[in-house]
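If you scroll down you'll find the structure; I have some questions about it.
Order as written gives the chain letters A, B, C and D; numbering starts at 1 within each chain.
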Amino acid sequence: MEKFGFAESTKFDTYASRMMPREEFFTSGHRSCQGCGEALAVRWACKAIGKDAIIAHATGCMEIVSSAMPQTAWMHPWIHVAFENTSAVASGIEAALKVLERKGRLKGPMPKVVAMGGDGGTSDIGLQSLSGALERGTNFTYICWDNEAYMNTGIQRSSSTPFGAMTTTSPPGKLSFGQHTWKKDMVAIAVAHGIPYVATASPGYLFDLYFKVKKAVETPGPAYIHVLSVCPTGWRSATDLTVRLARLATETAVFPLFEVVDGRYRLTVQPPKIRPVRDYLKPQGRFRHLRDPEVEFIQKQTTDRYQLLLEKCQASCAEFVPVHVPEGI
Amino acid sequence: MSKAWDQVTWQEIEVGGVLTEPGTARNYNTGDWRSSHPVWDKTRCIKCGVCWTVCPEAGITEQPDGYFEMNTYCKGCGICVKECVTGCIKMVLEES
Amino acid sequence: MIEIRFHGRGGQGAVTSVELLALAAIEEGKFAQGFPSFGPERRGAPVLAFCRVDDKPLKLRCKILKPDVVVVLDASLLPIQNPPADLREGGIIVLNTNKSAAEIRQAYGYTHTLALVDANKVAREVLGVPIVNTTMIGALLRATGLVKVETMEAPLKERFGPLAVKNFNAMKVAYEQTTIEEQRS
Amino acid sequence: MMAHKKRLGMEVSIAVSHAVQLARAEAIAAYPITPQTHIVEHLSSLVANGELDAEFVTVESEHSAMSASIGAAATGVRTYTATSSQGLALMNEILFIASAMRLPIVMTVANRALSGPLSIWNDHGDIMAARDIGWIQIFVENGQEAFDHSIMAFKIAEDHRVLMPTAVNLDGFILSHVVEAHELMDQETVDGFLPPLVPYHKLDPAKPVTMGAFAMPELYTECKMGHQVALTNSYGPILEVWREWGELTGRHYKPVETHRTEGAKVVLLIMGSLAEVAETAVDTMRDQGIPVGLVKLRLWRPFPFADLRQALAGAELVIVCDRALSLGGAAGPVQAEVRSAMYPLAKKPHILGYAVGLGGRDVQPEVFEELVQLAQAEVKKGPSEEFHIYGVRG
C-alpha cells in the first residue's frame, strides 16, 4: 500500500476500497447500534493493527457490544479488566512481552500492544493510567474512541462532550444551554507528554485512519490516536448520516485531521474550503436547542483554534521530549 | 460452548471466563435488527467497494461477479446508501 | 393482576409505553409497575418491556414469563422473538400490522385473540413519524380496557409536553381502528 | 538433603525481595507506600544491576500496580507486586477481577491500618477489608516465614489445579522493618523447588483468546461458582507445596498451628507476628500452672474449617485476638469467622473477642495474660458484650 504513503490519502480514490485488506479482525455480529461510527472506526483500526497484536480495552460501548459471554467479536488476543486502568494493563502486557523476548520465550514477531478506550475511559476516569503509561515511554499505541459522551450508560456528559451539546446530565433548561465547558483537548495532553506520534482520525476518512493507526503501531514508544466516533443514538442524528457527519466535522474544522510526528504538526486532510460550523451542528438533535449567540461562539472558537493549528504546522521547533535518551548519551 | 448459552453449567465455563475461540460473535445474526435493507441497482453500480468500506457491520460482501450485496449481518442503518458514489443503493422495507 | 409484555426494538419507545401505562393506571387509583428488560439495549436490537397492573400493591420483582397480553410494536419481531410462545391461556396478541387476522393466523398459526391495527400508517398520518409506541397503547386499551383512554392524556402531557396532543390523537385513532378477532379453538 | 545454611541478619523486607529474586519474578509493578516500600526499592536495585532479569514497572498508583500485574500475568510471565493499607484499598476493585480471571499474581501485603484517621502503623485492617477478594490469603509470623512463603506462593498460585492470585500478609513495621536472622536458600535449590511458569491461558497472537468478557444474568452465577470451587479446592495443593518445603528445609507449615493446647481449656487465637508474643505469654502462664494454649491461623483463605475445629476441640473458652474492627457488627472479623466455623458443632466453646494492637499500638506479652483473666471473668459473670476493643482509654 506504499502507493498511498503514510497518511497521504488526501484524495479519496474511489477504487481504493478494492485494494484494502478484506480480513475482518472486528467481526460482524457485534451489537453496536445501527449506524455506529465507533464500530466502523474499530473495524478499520483493527485491520491496520494487523495480526500480531494484543489489545487491552476499557469498559465502554465497544467493549460491551463485542464481548457478551460466551461470544466475542475480537479476532485479536483481547483483554478487558476495568474502566480506568486500560493503559496500566497495556503497560503490564508490554513489560511481559519485553521479558519474554529477552529470555527467548517469544515465538513469532514481537506483538504490538494496543490499548483502546472511549472518551470517558480516556479523558476522564482513565486519564491517570494513560498519563502514567505515556510518561513511562511504554511501547504501545492508545486509541481513544471519542463519541463525545458516556453512551453505554445512556448519553451522560463527559469532558469530551462538545460545548453546548445536550446530554442527559448536561440538559438544556431554563438556566442552562447544555454542556457549558469546551471539549477537553486530549490531543494536546498527549502531545504534552512528548511522545513520538499523536494523530486525530475519524470514520469520515477511513483510509486516513487506517494509515495513521498503521504508523502509530509501527512507531517505537508511546503513540496516541484520537478518533471522532459519530454516534447517531447519542448525537440524535440519522443512522445513515454517520460518515457524512464525520466528514462535515473536518470540513467545518470542528475536528481537523492531523498528525504530530516527534512534536511536529502536519495536516493530513486539508478541506479546500472551511464550511460554517452550522452545517455540522444542524443534522444533530443534540445541538438543536442552541441559539445564535452560542453557535457564533462555537464558530469563533473553532476558527481561532484551527488558525492556531495551522500556525503550529509552521512552528520552527518541535513539541517533543525524547522519552528515551538516545544511546551514546 | 455448543450448548445454548443459558443452559451452560459452571463446570463448562472456561477457567477465568476466558473465551478461547475468537470471532464467535459471527454466530449472532444482527440481521434481525433491521426493518429495511439496501438493494443495489447493478446497472449503475461501478463495483468500487465504497459501500463495503463504510459498513460498520462488515455487512456487505463482494459477490463473485464483483458486485456487492448485503449479508445476513446488515442492521439496515443506511450508511452505504448515503455514501454510495453513484447513488445506486436504496433501502427497501423488510416485509413483516 | 394483569401482566403485559411489550416487544420492540431499541429506540422504538417500548419502555416509554409501559411507563405511560403504569402512570395512567396509578392515576386511576390502581397499583402498577412499568419497567424495561434491564439489558444493554442498543438501537435496533430486539428488546422487551413489562407492565403489571393490579388493585392491590404489587410485590413481584421479576420478569413476566406468562403474560396476559403481548404487544408487538414491530411485526418483523414475530419470527425472532415468537412473542405469543408463553402467552397465558386466553391471552391477547396486540400487533402492529397491515395484514388481516386470517393472514396472520395462516402465517404464524396463532390461535389467541388478535387485536390488530396498522400503527405504522396511523403514526405516519397523525404523528408524522413512524414511531408507534404511543399509537399501540390505543390498540392495547381497545383490547383490554386496562385504563380509560382519557387517563392517558396527563402522562402523555407530562412526558411529551407540546407533542402530547398528536400522540394522544394517534392513540385514539388506533383505538378506533383496532380490529379484534376472538380466540380460535 | 536438608539444606543446613548459616543464618543471615537482614531486614525482613529485604529477605522478602531476596525471595522474590530467587523465585525469578519477571514483571514487578511497584508503587511506594509505607511500610512495604523497602521491598520494591530493593527489587528495583536488583533489576538495575542485572541481578534480576525482570521488567520493573513504576506505575503511577496501586490501582495501576494491580492492573499492570493483570496485564503481565495474562501475557504469561511470573508477576509480583507489594502494597499496604490505602494501596490495597485503592486496588480493591481490581483484586476481585484478578482472582475471577484466575491469574497467578503473588502480592505481599505489609499490613497497615486503614485511614480515618491516617495511620502508617500495623494492624490487619487493610487485609480484613479485602477478605472477599477471592484470593488465597496466607499470614506469616516472622522473617523466616515471610521469606519461605514468598517463594512458596508462586508455586501455589501457578499450579494448574489452583491458578489463583495469592497474598502473603506480613505485619508492617513490626516485621517489615525489623532486622532479624534468616536462613536463605541458594538459587539452584529454589529452581529445583519452583519450576518455570507454564501459563494456562495467555494473550498470544498465535492463539487469540478473549479475557474479561462480561456475563449476563444467565451466566454470572455459574462463573462465581467456578471461582468458589477453585479457591476452596486450592487447599490440597497448598498443603502439598508446604509439605514439599518442609521436607526440603525442615520448616513445616500447616493451615492452623497450635502451641501447648494439650489439656488447655482456655485457648488464645491470633494471626500474624503477634502470635509469637502470645506464645511467650502462654509459656509464662503455663509456668505459673495456668493451662492456656495458643492457636495460630496461617491460612486465612481458603478458610481451614476442619483444621480449626480440630485445634479447638478441647477448648471451653476461646479468646480471639482480632487485629482489626468490623464496626457496627457483632464481632471482630476473625472472631466472627471462628464463631461461624464452630457453630455447626454440638459442643461449642465460649468464643470471646478482643481487638488488640490497632494502629500500631504496642502489644506486650502481659496483654495476653490480662486477656485470659478478663475473658474468664466475663464468662463467670455470664458473657454479655463478647467483643471488646482492648486497652482503649476511657
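In this section, a residue touches a chain if its C-beta (ideal position, glycine included) is under 8 Å from a C-beta of that chain, and two chains touch if they have at least 3 such contacts.
No experiment lies behind these values; they were computed from the predicted model shown.
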Statement: Per CA centroids, the chain at the heart of the structure shown is A
- request: Kindly indicate the chain pair that has more C-beta pairs in contact than all others.
  value: A-D
Chain centre separation in whole Å, for chain C relative to chain B (CA means): 30
Message: Distance between chain C and chain D based on Cα centroids, please, to the nearest Å.
response: 57
Query: Taking each chain's centre as its mean C-alpha position, how far apart are chain A and chain C in Å?
result: 41
Message: Can you work out the whole-Å distance between the CA centroids of chain A and chain D?
response: 43
Message: Where in chain B do residues touch at least two different other chains?
response: 5, 8, 17, 19, 22, 33-34, 75-77
Query: Which chain D residues reach two or more other chains?
result: 101, 208-213, 215-216, 219, 223
- prompt: Which parts of chain A, given as residue numbers and ranges, touch two or more other chains?
  reply: 31-32, 34-35, 64, 67-70, 72, 74-76, 232, 239
Message: Please list each pair of chains that are touching.
response: A-B, A-C, A-D, B-C, B-D
- prompt: Which chain B residues qualify as touching chain C in the complex?
  reply: 32-35, 75-77, 94, 96
Touching residues on chain C, where the partner in the complex is chain A: 10-11, 40, 42-45
Residue numbers on chain D that touch chain B, as the complex places them: 100-103, 163, 200-201, 208-213, 215-216, 218-219, 221-223, 225-226, 229-230
Task: Using the touch definition up top, name the residues of chain C that touch chain B in the complex.
output: 9, 44-46, 74-76, 78, 80, 97, 99
Task: Write out the stretch or stretches of chain A touching chain C in their complex.
output: 31-35, 64-65, 68, 152, 232-233, 239
